[in-house]
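Take a look at the structure below.
In this document, chain identifiers A, B and C correspond to the written order of the chains, with residue numbering beginning at 1 in each.
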Amino acid sequence: MEVDADAEEILNADSLKCELNTLSRADGSSVLCQNKTVMAAAVYGPVEVKHHKMLIDKAYIEVIYKPKCGISQIGDRLFESIIGSICETAILSSFYPRTAIYLIIQELQDCGATLACSINSTCLALIHAGVAMNFLFAAVTCEIHSDQNQLSQFQQENRKSEITFVFENTSDRILAVDSYGEISEVEYKDCLKKCRNSSKVIFKFYQDMISKYATKM
Amino acid sequence: MTNTDTDQQVVIPGDEITSFLQKGRNKIILGPGLRRVANKVYACNGGILRYRSPNTYWVDSHRKRYIPERNEMVIGIVVNKQGDYFKVDIGGSEPAILSYLAFEGATKKNRVKLEIGDLVYAKLLTATRDMEPELVCINAQGKSHVMGPLANDGYLFHCSIDLVRKMLNPKCPFDKIGDHFPYEIVIGMNGRIWLKTYTVKSTIALSKAILASEFLSFSEIQTMCDDLIKQYANS
Amino acid sequence: MEHYKSVHPLKYYQDYLAHDIRPDGRGLNKFRNVAINVDSISSANGSTIVRIGNTCVVCGIKGELGPPKAEEPQNGFLIINVDLPPLCSSQFRPGPPSEKAQALTAYINNIAQRSNIIDLKNLCIEADKLVWTVYCDIVCLNYDGSVVDACLASLIGSILSVTLPKVHYNAETSVISVDEDIPIPLTVLCKPIATSFAIFNDDIILADPCGEEESLSNGTVTVIIANDELHSIHKPGGNTLSEQQIQKCTSEAKERTILIYKLIQAAMKQR
């Protein structure tokens, strides 16, 4: 995978740090540090499902997002619904009918781009759990500042808008996108290009993580 | 492509691996972690692509949660008694059923004595996605073979499914320890290991050694086993 | 035909879509009729009813006076709540707000905040003492797809129509006097309008999906446009889309936004 110089602007390989198997009881777990934002994710599944939630043709997928303090609020519900529908597309849920897959994401440190970091930590936890997937996914957040400067992760006062893209590793198509604030067409295209290049850094990182523990098997 | 080439081929979900497969063969067998879509083969788990001649491919990946597979040997815990069946927890998404009659010499009158919480070593007779799995403790000839209830004086611990596969690899050096101190071990494909030795000390030592070997190569395990034997001899 | 639809709903749809038409007679990129009625609730400070096909949403705005937050003494509050009661669809049960309602509320609040619909400083009467809290309650009466579109349109309609009475605050005596005779409209900075699309299979995009289409689809895309600029794209998972497909959605949404603006303006004149 080739990585453009552009990608470095938002995310470079050094800004990603991850540990797998952090929780002994979970089927898959990860702690991902993306720049300075840190998220922990755990996957339980496929496990027994409550009768009223059972789906006969596929797995029931539930996402729980826990903020670092306080009880979860409506903003967290939005995160849960986005991550949930990404996972429903990525996981081969028809492999596990009449079961449930629970994804729990715990925010550990918020320095911006929490959505991207939680999506990526979820993906790593799913890989670690050995859940069958159609493809891997990687999220990148891009912030547009009033002075045209673009940066990911660092929440700053003068940001005009932010956009999060989620890509998959089998094609160039867009799996999910979530944006707020005014974005011109030129800015949008620029962000898309930079985020796509950065997503390749993340996919490379996933592959490295897999090889790291797979070669020990 | 030779066998050695595939040995360290790391694949990630979504990778198309059609090109790795042997050309010219009209029949290949896809194991866990691989799936076919139209005429292409994709990986759906992350791990190492393995090949066994003549035509079998699979992906070795990390997994902790057990997904029942037919004919696998598992260690189950009896969780309930229902009519003519035991409900047995085998670590899958739902408990398996085990008939009172699926034991050697069992009849309607002569029932096997199993209480809730007891362990059984059994084989999966059926395991499909859409039905609850069914266990038996007899083989096709009606013999128990090695299956049946496990004694209460053993020690049961959990590990990942890939460690089980590693332990069951004929190259795994743990067998050798048996020459130096006696132990009984039952390994369930569902990530449960039942261990029995004569002293508590050796049970703990051996179980720790097994769990520690998850991320060690066979030669490293060999070194660890040698250490263990030395320490055992000295104590 | 009815049996075929109930046994194979997806196939039923695909048969139609193969001929570039939808079961309700619309083309793939045709929108449903929109009806907007402003100021229909007299007890509220501002209100709007929006109908998109069968989808029907009411938004009512009420202003309340209260003290501001200590961290932001200059800012008033704009609090938007979306309610999806059991009345609007069988998929919602009585009780606390469903996850869908919570996610929708969070999304619309995010939009309002990040797109600066109104300047919260304009809601200030006396810094650190008294500000307006503007409660926007959006209630869905009939849930038949593209509810975000209806919610946002009703919100914008209501905010445009809302008038708050003139309030005098005497800093020395802390006496508040409200002058109902002088209605003051809010200054609206930005008017974001949503347009939803549903993804069928990999390459079919349906504009303004109805409830049935939404539930059978492989994901939705919502594009929010204000002042002919993109203000939000929300595509939570579902089937992947190419850059061009999203581009197409954006340009279709831009055209539709102009139409919705016209409808709101016409409705404002009629009241």
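Definition applied: a contact is a pair of C-beta atoms (placed from the backbone, for glycine too) under 8 Å apart; a residue touches a chain by one contact, two chains touch by 3 or more.
Small disclaimer: the values here were computed from a predicted structure and weren't measured.
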| item | value |
| --- | --- |
| Innermost chain, where centres are averages of C-alpha coordinates | A |
| Farthest-lying chain, centroid of Cα atoms versus that of chain C | B |
| Whole-Å separation of chain centres (CA-atom averages), chain A against chain C | 27 |
| CA centroid of chain B to CA centroid of chain C, Å | 54 |
| Averaged-CA centre spacing for the pair chain B and chain A, given as whole angstrom | 32 |
| Multi-chain contact residues (two or more partners), chain A | 168 |
| Multi-partner residues of chain B (each touching 2 or more other chains) | none |
| Complex contacts: residues of chain A adjacent to chain C | 73-75, 77-78, 80-82, 84-90, 161, 163, 166, 168, 171-185, 188, 192 |
| Chain A-touching residues of chain B, taken from the complex the two chains share | 8, 10, 12-16, 33, 35, 44-48, 60-65, 67, 93-94, 129-130, 161-162, 166, 214-217 |
| Residue ranges of chain A touching chain B (in the complex, touch as defined) | 26-28, 44-49, 56, 92, 95-100, 127-130, 132-136, 168-170, 203, 206-207, 210-211, 213-217 |
| In the complex with chain A, residue positions of chain C that touch it | 99-100, 102-103, 105-107, 109-111, 113-115, 218-219, 226, 229-243, 246 |
